[in-house]
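Chain IDs A, B, C, D and E follow the sequence of writing; residue 1 opens each chain.
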């Protein structure tokens, strides 16, 4: 799993029906110190994450399908938590 | 999932039969701001994407097989939407 | 599998219920000589790893779900051992 | 899926029995413009690809196992087509 | 699949029981010309590979579990052959 920051959202009209009503967010990947890695993911939100929030993201299809409870969903990346704090060098 | 831009197509005569009638596109990976990452994928199109269009791509075999409805298809990367807008820093 | 070093932990209040009671650690990826690769993972701990310890990490959903014994767990990265020694150029 | 170029082959005597009679090729990954990415894969050939040919490669275990029709095969990377042409900027 | 060179081994006392009696090796990833890529894997050995040997490695959980014949094994990377020769530009 990785740490990310919600930096935006995307919108599509023509898409697989699974995405019709989904909140589809742009998530920038972060290093543990909060700096940007330069990489990103498009992820489905299931925890009510908003812009600027630091989130826990999992990038694995089977995990994502379990969460949305659709065995046939074409999905791989999903937000599974809003991170309150990252303690580095505990 | 990632954002991509359709930049071309490929053609093969000798291939696995699954690819016989498929529209097989070259998709350049984009950053959320629309710049090129320098990486790309060869992806099957299922939404009618054309050259120059910005698309949502998923790179996971199980997702791709669900969409083409063939449990045995040798496929991993598939276009699942045409992106109208990406809002960064919402 | 890869070698990592536990460098911190993260805390979330709003998350998928699977993560409610989990010890969720920041693991920096190491080269075999012990230097940092610059990459990291957020991993669940199942062996009692503490800060500063060198650990064996697996980044695969099916492996992780077997260990936590929950078929539906949204998890991909898990610590599976505490490494005593790495012998390079044996 | 990705574009590759067959640049060599490898030979092993001691190996998993699945590889006993297999044509195991070195495939350099290509950019869509035909330049080398600097990365490569070792892939099984199933379409009769020869040295110097441009090929379509899939790097996913379930796809590869379907093609060789062995549910238990330890395989991930497989050549699924010989590419005649890549049209960039169509 | 990729080419690697066995450069070491690791030892752990506290680990998942699957690793109790396993030969767990450090494998440096090689380019086809034999140079180091700078990356590595920790892999289980099943073919009797020793230090300095060039090996064929597969990094996929389902393949690895088939080879060790344990459906629940937490494993992803496994050595499947000892490479005698790599012919580049055949």
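In this text, a contact is a pair of C-beta atoms (placed from the backbone, for glycine too) under 8 Å apart; a residue touches a chain by one contact, two chains touch by 3 or more.
Model, not experiment: these values are computed from the prediction.
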Problem - Superposition rotation for chain A onto chain E, Cα-based, multiple of 5° - result: 145
Completion exercise
Distance in whole angstrom between the CA centres of chain A and chain D is 32
Handout entry: Interchain centroid distance [CA atoms averaged], chain D/chain E, Å
Key = 20
Handout entry: Numbers and ranges of chain D residues touching at least 2 other chains
Key = 62
Practice task
Select the category (line, ring, star, complete, other) that matches the graph of chains linked by touching.
Solution key: ring
Fill in the blank from the handout: Ring, read from chain C with chain E next in line, is C, E, D, B, A
Problem - Residues on chain C engaged by chain E in the complex (per definition of touch) - result: 1-3, 31-32, 46-48, 56, 58-60, 62-64, 66-67, 78, 80-90
Problem - In the complex with chain A, residue positions of chain C that touch it - result: 7-16, 18-19, 24, 26, 28, 40-43, 51, 61-62, 65, 72-77
